[in-house]
Every structure is written in C-alpha cells, then in structure tokens.
Amino acid sequence: MRNPRTGWLLLSPTLIILIVFGFLPFLYVLFVGFHEWNIFAAQDGMRYNGLDNFRRLVFDVDFLNSVGLTAKFALFAIASEVVLGFFLAQMLTRNFPGKSLFRIIHTFPLMVAPIAVGAIWRLLVIPGFGPVPFLLDRWFDIEYLIGTYPDQALLTSVIMDVWHWTPFVTLTMLAGLSSIPKEPVEQAKVDGANRFQVFWYVTLPFLRPVLLTTIFIRIMDAIRTVDEVWMLAGGGPGTRFTGIYIWRVVFPRTDYGYGSSISIITLYLTIVLCWLLFIGISGQGKDEVE
Amino acid sequence: MRIGLRQRIARYLTTYGFWVFMTLLTLIPIWWMFAVSMRSRVELFARPNLAISRIFLENYSNVLGDSSFQRYMSNSLLISSANAVLVMVLALLATYALSRYKLVGKDNIFFWLITNRMAPPAAFLLPLFLMFTRSFRIGDWTLFDTQLGLILLYCVFNLPFAIWLLKGVIDGIPIELDDAAMIDGAGLFGVLRHVIVPLAAPGLAVTAILSWIFAWNEYLFAANLTSVQARTITTALAEFVTVTGTNWGELAAMSMLTLIPSAVIVVFAQRYIVMGLTFGAVKE
Amino acid sequence: MKRIFTIVLLIAFALLANMSLVTADMHDWWADAAAPYAGATIRGVSESTPPSNYVADVLAAQFTELTGINVEFETTSWDQMYSKAINDMEANTGIYDFVYIEQDIIYSYLAQDYLVNLTQFAADNPDLAYEGYDESEFTSFADYFKNADGDLFGVPMEAFVKVYLYRKDLFENADIMAAFEEAYGYPLAPAESFDQYRDNAEFFTGYGESMDMDLWGTTVQGSTGHPASTYEFLESIGPSFGLYNWGINLDAGSAMSANGGALDGDTAVEALTFWLSMLEFAPPEATSSTWDEVASTFAAGRAAQGWVYGENAAWIATDESRSAVTGNVGVRLPVTADGVIDAAEMGDGYIGYYDGGAFGVPHSSRNKEATLLWLQFIGQQSVQAEWAAAGARITHTATFDDPLIAEQDAKVDGYYTLLEEQGPLFAGAPPFPFHAQVREVIDPFIQRAILGELSPSEALSQAAAAVDEELDRLGYGM
C-alpha cells in the first residue's frame, strides 16, 4: 500500500541537504580531530596524532571550566525560562481585553538578533555608560562590574538569555496548555483536588511532551550560544562558555586539530544529554499519548 | 458562578498590573537601544539616563543613507524568506515520510536529523568554507558569497527544528483521513494538498515563521561564508565595533531597523504561532 | 564611520585638491598601464576605521576613475578580518586581492609565505611600476614589512604610537595644582616616572570623588574578555619597564627565566604589579575596556591621564562630535623606568608600541597586476596629506612637513612631531611567526591576574610555562 520507496523519495531532499552541509563537515571535523594541525606551526600540514588531542582535553582546565560554566548557564537559564514561561502562559490562558497586545509585546525579544541582544545588554551593564550599574550603585549600593566579578558576568548572561528566550518558552507552553482537554481538569476539581494537585496530576502529564521538547531545543541552543555572550562580555571569566572557547581555539589560535576534537566531544556530550531526554519523550511520553 | 463587581475590578487590576510590569521588563532593553540610537557619540558617555532628551536622527539617516545597508537588508530578506519556504516544504515532505511510511531505522534517522542542530558552529566553519569555495565551484562561480549558499546552509539548523515541530502535528492527523482521500482516488500529492496541508496549516505557518526568525538572526555563518555580495544585516552590526571606537549609536539604530521586518511578521502571525507550536501534544 | 556628509565633503575636497595635482601625463600613464585590466574588480578586506574608510570611499573612487579598475571593500570586525583573510590565503581560494596586515601579524604571514614580494613583482613588471611611487619615501615603519633583503611585502597604510595622554585643563588648573602640591610636596605635572604616575592617578581619583565628578586618575585597558589587556601589558607597560619581546627568547624558544626568557622574571612581575595597582585608580569600566573603551573613556573626560593608542589621539583632541575634551588633550611620551629611554636610544630596546598596518597582496590573488597598480596608487606621495588629515595616520616622511599636518599637529599637542622625532624609540611587535597563538595562551593568565585570582608572579610564571608548552607544540620550542 504505502511503498517505502516513496517515503525515501520524500525524505531524500532533506537527507541530501543535511548530509552535504551537516554530515560531511562533521566527518571533516572528526578527521581533523585526530590530527595535530596548526597552520602557523613550524611544521606544515596535518600530522596524525591518534588520541593525543582527546587526552589533552581531559587535562585542559580551561576546557573543563568552560563545560562547567556552560552547564551552569544552561541550567539556570533554562530552568528560569521554563518556570517563568509556564507561569506567563498560564496567565495568558485567561481572557481579558488587550491580551493579544501583551502577548505580541512579550514576543519582541525573540525577534532581536542575538548579536544585537548582546550589544543591548552590553550597553545596559557597562559601567560609566549603562544604567544598570549606575542605578544599582545609587539605590542599593551594589558594585556591579561584569569585567571584575565573574559571577556577575555569568548572572548577566543568564538574565540576558532569559530575557531573549522566555517568549519562546511561553509560546510553546501556551500551545501546550491550550491543547489540554478541559474534562479531566474539571473532573479533578469536582473530585476536590486543589490547584497544586490539578497541576501536578492532570496538567503536567498532558504538558510533558511539549515541556520536554521545549527544554530539548533550549538545551541545544544554549550549549551553542556564542554571538550574544561574545558581544556582551567577550567570553571573559564567568562567560567563557564552551562555544566561545572552541571559537578561540579554532580561530585566533588556529589550533584546528585540538579545536575539532573539542567540538566532537562537545557534540557527543550534547547528544548524550539529549538522547536521555529523547528517551524521556518517546518512551514514557508515547504510552500516555497514544 | 457570579463574581461581584468589586472582585472583578480587583482581578483586572492584578492582571493588568502584572502585564504592565512584564511589558516594562520586556521593553526596557529595547527602549534603551532606542534611546542610544537617539544620541550622538559625545552624549553617550554622559551619566546614564533612560530618558530621551531630544530627537536626534543622524544615526538613522547615516544607516539608511548607506547603500550597503540596503543591500544587506535585501539580502537578509531574500535569504530568510527563501530559507523559510524551503524549510517548510522539505520538512513537510520529510515529516510526512517519517510519519506515514514504514522506513527502516526511522527513529534513528529522526534522531540523527535532530543532532544536526547540536553541533558547536565554530569548528564547522573551516570545512564549510572549503566546501563553499572548492567543492561547489563551476568555472569562476563558487557557493561562497552567494545567497544560495546561506539559504541551503541554514537548512542545517532549521530543518531539524522544523521536522520536530511538524512531527507532532502530522502524527496528530488521523491516518484514516489519508486513506479516505486515497480511496477517493487522490494521489500522494493530492493527499498532501487536500488533507495534510489544510489541517497542518498552523504548524506549517509557525515552522516558516520561526525558521525565518532563526535565519534572519544568524551571524556566525553569514560572517564567514560571505564577503561583499551576499552579506546579511547581522554581519553589518558587528562592523560597528572597531579599534577606533564602537559606534554604538549607529549600531543601535541599525538594530532597531532590523527589528521592524520580524516584528511585522510576528504581529501578523501571532495566531498561527500558538496554534502551531503543539509539538504533538494531545489534541482535543 | 559612514558619516556620509563628511565623506561627501571629503570626496569633493579630495577631488578638487587632486585636479590640480594630477597632470595630463599622469592620467595617461595610469590609463595606459591599467588598459589590460580595465573593468576588472579587485577586492580587499579591512576594518571600518577612519583610514580604511578614506581608502574605500575616496581613494578607490579616484583610482577607478583613472584606471577603470573597480575596487571593492569588505568591511568587517577586527577578529573576522583575520579569520577571513587567513582562511582565504591558507586555502588559496583567491577571494581577496589585497588584505590588511597589522604590523604584529606580518611575521606569521611571511613565515607561511602568504604574500607577494611587491618590490620583486614591480621589478619583474616594469610596465606596471609607477614613477610617482617610491618605497624609500616611507617612514621607517615600512621596514617592518620588509624581508632580510629589504624587499617590501606590504604598502603601509596607517601607523601610530601608543602615547601618554593627559588632561591639560586639569593639570594646568591653579587650584588643582595647589592642592596636589600641598598633598604630595612637589608640583603637579604630566608623569615622567612611575611613582609620579601613581601619585597623579591617586590624586585625581580622590579629587573626582571629593568633587562628585566622574573622574578617575588613569585609564587601564584591562578587559577580562578580550586580548586587549594582554596587549597593553606586553606591548606598552612591559617595555616601559624594560620587558622586551613579551619576555620570550626566540633563540632559546622559551619564556622562562631559567632558559633565557623573561616573562616570569622580576622586571615582568614589577611591571604587572604596577599596572594592576593602577586598576584601583581607574574608572569602573576598566575591566571591560578594550582599546575602544579606553579611548571613549578618555574622550568622555572620565580619566585624567592614561595610555591611549595614537590613532585615537587625533579625534579625542579635535572631534567635537565624539569627544568632550577637545582642546584639552596633552600628549607626551609614555612613562618609562630609569634607563629604558637611554637603552632605546642606543637601540637596545624600546619604550612602547609602534602600531599600524599595511595592505599586501596574497599569492592566491588572481589580479596581482591590477592590485599592484592600486597599492602604488595609495602608496604614492601625493595622496598622503589629505589621507593623513582624514585618518590621523602618517606613513611617509614628507607628510610630516605638509601644512595640513602642521595645522593638525598644533591641535593635538604635537602628536605628529612626537611620532616623527621619537617614533624610532617605539617598536612594533616582536618578530614572532606565532603571534596570535602565543598571545592567546597568555591571555587567560593576565585576565586572572586582573581579577585577583592569581598574584602577578603566579600569573606570569604559569603564563611562561604555558607559552613554553605552546612553543613546543608549534615546533618553535627548544
């Protein structure tokens, strides 16, 4: 009836594009990752060095720090986005005049290019220029210097990310919430469930696929974050995330071999993390949906 | 249930209070960008002040009067729009295949498709550069510095997202509808056109819109794989940062201008965005 | 940047000025020489700075009119400029016909044989050699772009030194002078020693605080997220204490004192300690400041003195649309430790950074002939003065005597005279073929020292060890 050949045919343009522009470059990076190759080295060309690059990165404090920072950044940012986004979506399920206006305004940050987002936030937080350190100092006597305090730089990048991406989460949550059938909720209320119980036992299970998918997409993007943070703080202490670290190794340092091996490992870590989530979605999620 | 007038007013007040507060939080950074765009360079380093003291349009006139700005803008519009359409069409076909056909290892294929969005971009710039300048070369023509190059490349991070989004939507359309149409004599494209597309319209729209936004906002690939002809507006933003001082006023003015096209699109497409973003959540 | 009105005016001015200069003869020469290449398009990559913009907007238009060769400029950010040029030259793709070469990267490019020998190329193609262009007319800065045989690989297009700027209105204010003398027991003056620099910095920081002014005692280019901080330390502060060539001994392939290097030596520690102690007297943005913010900070009147790149000195002193301290800028040689100036005069060292850049032709270019014409056009004597006035850069000896520059010189407190007379005391970056690689290795240690996570001696000894490791890896080690 449905000939698999037709299916492959439909899938083929996508596969071709992703193989050419995604998989082949990946193979190249993988290949380079097993070589020592810096174009400004005394010796020319690539030299195969087996697993040396991978051995090196295990002891590379800067790389390990960057992974830790990226994890912190992703965790804080995504957790805040999900909680805040869910709450906002909940508020948007109510009806009140002017709702769509608020919703539209709330999606504005999503439309600002990351590089411009970084620029705006830099302008907000650079002392002597931005209003944030000025007002914090005047009102609360807080010394706010992202160049001096790594924690503040990390916090600023988290807040920036939350500002930029919460609207995305709100929209997906809103979509999820609006597709939850009304009967189970009403039924639970009739049975005397309180608000929290309704949320925990009814809303959340229905919302789980949307929730996990949203988190999944945000994780992929948060780990790749470069533009915003590069504009904001240049990837100094506190914001030297893996994406930026790789960029510094690959470009100014032109250490292509090592940079490639770090990329491979980072990609691998991301895939493992997402695979666990994927099992969460398609394994448990499926039973309840179907 | 009847609610007293006073209660209702209180409720509205809290609702509006909350939303006005959220709106302020959302808009302050954008407002600040606008305020910066309204200042001359010498005014920028005065004591920080969120208020705008005068209308100063020189930053805007400088940006708008620059012929390369117009080229960047039209490149960005062309690349994002073409990419959005391409992604929408390819994702529809691919997702339909994944959803309706028994394909060997399709779960793995689906997962692999998605991993394409995970790659940290920096290390991939070199192979892509080599590919763009060497592999895709016909005579003097190369894929480097062409709009086509970016349109195809942006599929790498947009297709995984789009397929995922549409997977839920198309899985949610009962297969019986397909079968019924087929019994009525519809071919594959008939089914797609008369059954799938109408039912998946909100999902398709949101796929296109979000792809458009992601493509519009992309910087790193555009900066490295174009030179003069196909440069996009985001690469122009980075040009303002120079060793002799960053021109924050013009950078902010240009950022404000780049906001306009996406704002227009999103405002018009609000309804679809929410309807489309269900990711396979349960339908009523 | 793209200030169109200014540019339109400049174009009009330059065209008028040139009409009188360009005789019919010259016209013919350019047209004849370029005849085989008319209609070709040559492309270059550069940053969007005033000197580059002048080239892109004014000189390119004149050149196209004379020759029919189109010049296309890709303007981009500082780091993008390098990555793109290097990718192009390494992969031999031929995207760029001329690239911007900053002085510090030239040795890397030469070591990789990326660039065309311009002297040789002109000699091999006598038809293309323009008589109005003469390599000997360049200042000594051009020597950085020559090989051992004296052949030129890049046509200098900008050159600056990093100088000491101070606020004349503050340093010459009677009340302030009296207050300073009372507090320190000697008269207030632009700093000539590090102790005096420190006293000035401390005094003005206190003064700003007591007057509730946004004023601090010094600038520090101390960004913790940008190589600019490493550059200020290694290229300006270090040499002024007597730490040369980043403390790296090229022959020994090491930065460690034990092996003949100096990066972890006493001089380096002293220099870093002093520089870090200045953070206390610098405005709060210092730890986020690259060269860009340092100039802006000084222009906003937030610092009483500081180390500022000369390319910014001119606009800080004269451009009222960008600077709040026009007319009040004093220019001096940077502060040095005892004996450093003497050593520099003897040729045994240098007191600071002589920076700048040139345009070179990559081997991968497919329009070398047309590009050679173009580079000779921008390298000729007759276009220099207006270019210098527009971009605050001087690459030709004769330009110093031009009336346009003499006029500017008065406005910037003799910066150009300083560049002409004391320029030789400064030096470009050390001749390392691994410039960016090693700097990238040193960066994190300097940044952590700024944050106070490492003491100066810890930071420097760890940096020296890391440098040695990288040198080994690159094949330049012992």
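Should a chain be cited, it is by its letter among A, B and C, assigned in written order, with residues numbered from 1 in that chain.
Everything that follows uses one rule, which is that a residue touches a chain if its C-beta (ideal position, glycine included) is under 8 Å from a C-beta of that chain, and two chains touch if they have at least 3 such contacts.
The structure displayed is predicted, hence computed values, not measured ones.
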Other chains in touch with both chain B and chain C: A
Pair sharing more residue contacts (C-beta pairs) when A-B is set against A-C: A-B
CA centroid of chain A to CA centroid of chain C, Å: 38
Distance between chain centroids, defined by C-alpha means - chain A, chain B (Å): 15
Where chain C touches two or more other chains at once, by residue number: 83, 214, 297, 300, 302
Chain A residues counted as touching two or more neighbouring chains: 128-129, 251
Shared interface positions of chain B, touching two or more other chains: 44-45, 47, 125-126, 130, 238
Touching residues on chain C, where the partner in the complex is chain A: 79, 82-83, 86, 90, 108, 111-112, 214, 222-227, 283-290, 293, 297, 300, 302, 433-434, 436-437, 439-441, 444, 447-448, 450-451, 453, 473-476
Chain B-facing residues of chain A, complex: 2-4, 6-11, 13-15, 17-18, 20-26, 28-29, 32, 88, 91, 94, 96, 98, 100, 102-116, 119-121, 123-124, 128-131, 134-135, 163, 167, 171-172, 174-176, 178-181, 206-207, 209-210, 213-214, 217, 220-221, 223-224, 226-227, 242-243, 246-247, 250-251, 256, 259-260, 262-263, 266-267, 270-271, 274-275, 278, 282, 289
Residues of chain B touching chain C in the complex: 40-42, 44-47, 62-63, 65-66, 125-126, 129-130, 133-134, 142, 144-145, 223-224, 227-228, 231, 235, 238-247, 250
Contact set on chain A toward chain C in their complex: 36, 38-43, 62, 126-129, 133, 143, 145-148, 150, 153, 233-237, 239, 248, 251-255
Contact set on chain C toward chain B in their complex: 1-4, 43, 45, 47-50, 72-78, 80, 83-84, 87, 91, 93, 95, 214, 291-292, 295-297, 299-300, 302, 309, 311-312, 315, 320-324
